[in-house]
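Next up: the structures, one after another.
Here chain A shows up in two complexes: once beside chain B, once beside chain C.
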Partner chain A sequence: MSAGQLRTAAEPKPVPAALQNPDAAAQSRNSDRRQRNSRLFYWLCILIACLSVLVLGVLLLSIGVQGGHRLTPTLLTSAHSELNPEVAGMWPSIVGSFFVLLVCAAFAIPLGIATAVFLEEFQPKSAWLNMARGFIQLNIANLAGVPSIVYGLLGLSAFVYMFNVFGQIQVNESTAWVIAGEQRFYQVRSLETGQIVLIPQSDPTQSKITITGPIRGVDAAGNPVDIEVWEPGTPRPTDSEIKRRTVRLGATGGAYSERSWYFFRLPLGPSFLAGGLTLGLVILPIVIISSQESLRAVSPALREASSGLGATTWQTVRFVSLPVAVPGILTGVILAMGRAIGEAAPVLIVLGAAISKDSGPQNLMDNVVTMPLLIFDWAGRQQATFQELAAAAIIVLLVALLLLNGAAIYLRQKMQQA
Partner chain B sequence: MPIPVALEKREFRSTASKLWSEKLIVVILATSALLTVLITIGIVAMLLTQSLEFFRSPYVTLGGFLGGTEWTALQAPELADAKFGILPLLSGTMRVTIIAMVIALPLGLITAIYLSEFASRRIRAWLKPTLEIIAGIPTVVLGYFAILVISPSLQLFSGGAFDTFNSASAGIAVGILCLPMVCSLAEDALQAVPRSLREGAYGLGCTPFETSVRVVVPAALSGVISAFLLAFSRAIGETMVVALAAGTRATFTADPRQQSQTMTGFIVEMIKSESEFGTVQYYSLYAVAITLFLITFLMTLLGQLIRRRYRESYQ
Partner chain C sequence: MLPVTETVKDSMASTSSNTPPAAVPPPSRPGETTIEITNFNAWYGDFQALHDLSLSIPKHRVTAFIGPSGCGKSTLLKWINRMNDIVPSATARGTLRLGGLDILSPGTDVVRLRRQIGIVFQKPNPFPKSIYDNVAFGPRLHMKLTKEQLDELVQWSLEKAAVWDEVKNRLHAPALGLSGGQQQRLCIARAIAVGPEVLLMDEPCSALDPASTLAIEDLIFELRQQYTIVMVTHNMQQASRCSDQTAFFFNGKLIEAGDTEDIFTKPREKQTDDYVRGRFG
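Our next item is the complex of A and B:
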């Protein structure tokens, strides 16, 4: 019995079928399949990667075909024309974009770099400050994700209306605090046909004046004159020089304001200043994040060397970190400006949808049209001509973007060489 | 890295006056950092106060706003007839966003895998700038592309089943817009995966496909998810494409062939109509905006928090 048991125990255990008879064919099939899948995936990757190149190609080609023949000097020099699209152009929008970008850069770049320097270079000294720093950092990342149209609404409240601090907004017009640059007059017609005299307005609430007697005024050129009064029934002066500064008794005149280029009031209203500041809010997080990354790339050894030489933190920043990080910061800033130049939604909300302006801004509070706004308006129209004009304007916008990006690359290379 | 001039000259002085001006500078810098917090506070305060005006109106209820299936703020001739239900706008936004994500997420992820795992140096040198150019194209240009090319092609291939303005063409354009963003964020995440994991997978006999899909992508999953969330929030907030290509009728359906007004599209429409300040319609703008802000803010916050986690896990 026991011997039999032993015998069975000594017998070789049955080997699993798969091991006993290695199915080389199945294994190699399996391996082939896996290899094939891998190759398929590789080609799928290439195909999809090419797709993005293809999309870009189709986009540029279709816009080029649609708008190429509208790319004329007229487009660059004239203004939008509602009735005659053949001669419509985008000059005011080019100037407008330029001014808006200028304000945007002046606002966002210093603020963004200052914030980045603060967050990167000044290490918090307590746990509490460290938490605050983390919070600010998270907040900036979140701001970068806020839709630009929400910034537009913030701009509308904060810059255009200034939270109604300077007077409640009336229907379609706002009362404002004029700070500088505005002279208000009443316009009164003089006896000489087609000539007017101007009388300075003393009470801004009075929108009309009625002439009751001789009064001090200015002529059209701005020189002070004594304005005389002619009573109907008495002999009318004949000398044209006198007629020019004489008005009929009881004549009325409406208010009129002359604005210098430095005209400034609060709230800002739908002006290019408000538009630029709003765009500044949009790109601020981008400027901060890219500046931070450039500062982070500065080798800590340089900072330590600077501290070792006895520099304060600010001296280290000013003379060591910033000079080294400047090429990177500059690239980031220019890329952010590229974002700003193409941004339409916030500008649309702040400046309104009207595109009929025929010149650049005349004063600080003037409304402007920007390139994306013009493109948006033209692209939304039915007429084929405006559609083509939109494509041509897009080409101009893309060229402007290309120049900006080219400048970024050039500056970076130049500074890295230096 | 060039050595700054100041370090070579070695002429730093931390005098008492320098230390004082240093304090001043720190205060200035801190103020500018705090300003960013102020911007967030400003956004929230503005949206809250203005949309409160909206909900205070007798024509509006919170339930009707959140559950209503009709939005006729601009179409209704009388205020009493106007319906303020956010669902049609929300469904419009969702249709556009989902189509955009169906395009941007797989394509962006696969392009990222290609760039991070397979692409040769020469192909990278072509592909990266292309994606950067697409990322830099102004959105209004993509909107124009949607009405110039995408919508007519859809109509052509479907035999006219699509409206002139439809959510599909807007969605495709938004998808193109989000693709570079998904791609670059996902590529960052894939490249943060340590080399040893890949080598381990190859050592076990994995094919390149298995290595990237079964090892690298799962290892970078949190980063990939955060890329998806950030792109999702970007698509929801996208404005000019939908304002041009999605149409102006707020429809409550799931049909991508129809016109659809999104939340952002309504805001633009409202601004263009130059509605009077202080009317219920005007304030409805802010009610829509706060909904938009809440959704995108939560998405971005979640995306950022996940992103931070994965960054920490491999450093």
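Our next item is the complex of A and C:
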């Protein structure tokens, strides 16, 4: 270090003019002004926060005033009634929403988490897989922004009609592939008044039968019986037991099917399975993205520790990454379910508005009505009673949502403690 | 009282802490080479991190890698058990041999390799599980053990890592509740519970206080009776205190390797001399 530099350091520079003779009054004014701005901004923030809550409050209040008095046990236990709104209820739609959500969860959760694990945890070795990974990532980001009604149209062609590759579903004749659970019969009137015989249907495309001779059939209990034929002009049998299993020559019968709860066919048709799968598509991007975020938040040090002990990638995912990420994944999943429970548009396209259903699904291919569909239908009716019912149903839907979100918060707290 | 602690206590009387449980392979004879490195080069993308180095790592000795930051010592360490596989841009050429096994060969089973060559990281990284589950994690991945065998193995590993006495009464407490030094010894216990031959340590004490550092150094000195240890350190005193062989790296090249005493007292290269005397780095 040179002597010149040392000397300069020893002589302090004069204090800049801005710092000389401080004007105490001006400084205090300045300070006051800035403090005031700060307080103003603070109250502005509170006001805006209150405003958003206020909007929600007004909404709840107006719905409560409108539909509160319709919130009766009848609403929860009975079915829709066209003629008498006083006894109309939403029980079938609650059951329907439950089943649709069940299918939606069973479809979207495993698929979504598995996709997130592929995108976050596996480094693809080949260039091809790496490209696929980038492509999927890009698409998921885009899919999350697609309007849900578009998913409804997708679900209609992919699940309800399955692009008609499995044939078509019609009322009496059907070319759909029945996999299990359906028995088709022709029902023909017997000679005993009010009684029918059932004849198993061998050709599903034949919607009618004409009796030309004795044939094997089944009785109402399902036991096989020999069906006799009575030719008009000949003496009529008189014994009731025989009349029960005798039909007139030339009698015709229409097709009739008996379906077990596990009745399954392709295409799925407007069934709650198709509805659930469509809703699954709607929430899949949300599940994937939230699972990805949770997996990304897992410290890489833990993954290193695991693979350093000789764990395979799968073992690392199964025993280290997923357990740490589960609270976050779960939160995302339940919030996504909250979105699914309130979706009306895609369900309306896929299932139609079968609001006159008086029960939940009877078999896997049964149509259902969901809560948003019922609300949509009721709110559009002219009778004031139905509009009040719609408001009451909205309250029920909001409570269901609240329960779901509450469960999400509770589970997250519980899992983070463990 | 926790049931596992009870069984472990019972078995304590019968098991001497020096005999490893049946699940751990018996130690090999000292005096041979464990890892042979020949003409090894490594890259991150276009950047060459290591240039043509050859080194043999003796069995049941502590080998220290020293050198300034970015000189490639951690890169070499992470190639020894292929931890660099995770880094997409990392490539290597040359030969790394563990006995008859070609470590870099694409056909090498990295899962088995990492069981043979364990690694302890710079920052203690216990899993957010109990102490017991941390140590049992590795054995559960590789072996089917009865509860008694597992208890025995966990106790043996924790004793070996000199942390048993501090944790024996709270084996099922969360591992993250331990102090940093205890966590690091737990990580060492976790690494030896799968029965490795070689332990790689990437600056194992740099995140610890002096007292914990001392405990880990003592432990390393103990462990070399059964394990070949390769340690990266920034701390020259540490290298001189607890290693048998030292390798000095600079700018991706191996400048000098030899007995620790020689490296620190009469180095052949001037760069080594400057570095160990603290003139740079």
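By definition in this document, the second predicted complex is superposed on the first by the 351 of 418 C-alpha atoms of A that agree within 3 Å, B and C clash if a C-alpha of one lies under 4 Å from a C-alpha of the other, contacts with A are read in each partner's own complex, and residues count from 1 in each chain.
The rule we apply is simple: a residue touches a chain if its C-beta (ideal position, glycine included) is under 8 Å from a C-beta of that chain, and two chains touch if they have at least 3 such contacts.
Since the model is a prediction, treat every value here as computed from it, not as a measurement.
Novice: In the superposed model on chain A, is it clash or fit for chain B and chain C?
Specialist: clash
Novice: Pick one for A:Asn139: touches chain B only (first), chain C only (second), both, or neither.
Specialist: In the superposed model, A:Asn139 contacts chain B only, not chain C.
Novice: Touch check for A:Thr312: first (chain B), second (chain C), both, or neither?
Specialist: both
Novice: Identify the partner contact of A:Ala24: answer first if only chain B is touched, second if only chain C is, both if each is, neither if none is.
Specialist: It touches nothing on chain B or chain C.
Novice: Could you look at A:Phe376 and tell me whether it touches chain B, chain C, both or neither (first, second, both, neither)?
Specialist: The first partner, chain B, only.
Novice: With the two complexes superposed on chain A, say which partner A:Ala49 touches: chain B (first), chain C (second), both, or neither.
Specialist: A:Ala49: touches chain B, not chain C.
Novice: Which of the two partners, first being chain B and second being chain C, lies in contact with A:Leu83: first, second, both, or neither?
Specialist: Touch partners of A:Leu83: none, neither chain B nor chain C.
Novice: What is the contact status of A:Gln123 with respect to chain B (first) and chain C (second): first, second, both, or neither?
Specialist: second
Novice: Going by the contact rule stated at the top, is it chain B or chain C that touches a larger number of residues on chain A?
Specialist: B
Novice: Should A:Leu302 be classified as contacting the first partner (chain B), the second (chain C), both, or neither?
Specialist: both
Novice: Can you list the residues of chain A that touch chain B in one structure and chain C in the other?
Specialist: Shared contact residues on chain A (touching chain B in one complex, chain C in the other): 299, 302, 305-306, 309-312, 315, 319-320, 324.
Novice: Can you list the residues on chain A that touch chain B in the complex?
Specialist: 34-35, 37-38, 40-42, 44-46, 48-49, 51-53, 55-56, 58-59, 62-63, 66, 110-111, 114-115, 117-119, 122, 135-136, 138-151, 153-154, 157-158, 169, 171-172, 281, 284-285, 288, 298-299, 302, 305-306, 309-315, 319-320, 323-324, 335, 338-339, 341-345, 348-349, 352-353, 372, 375-376, 379-380, 387, 390-391, 394, 397-398, 401, 405, 418
Novice: Residues of chain B touching chain A in their complex?
Specialist: 1-7, 10, 12-14, 18-19, 21-22, 25-26, 28-30, 32-37, 39-40, 42-43, 46-47, 50, 107, 110-111, 113-115, 118-119, 123, 126-127, 130-131, 133-134, 136-145, 147-149, 176, 179-180, 207-210, 212-213, 230, 233-234, 236-240, 243-244, 264, 267-268, 271-272, 274, 276-278, 285-286, 289, 292-293, 296-297, 299-301, 303-304
Novice: Taking the touch rule as given, give the residues of chain C at its contact with chain A in the complex, in rising order.
Specialist: Touching chain A: residues 81, 83, 86, 88, 111-115, 118-119, 121, 123, 125-128, 137-138, 141-142, 187, 190-191, 194 of chain C.
Novice: Spell out the residues on chain A that touch chain C in their complex, using ranges where they run on.
Specialist: 123, 299, 301-312, 315, 319-320, 324
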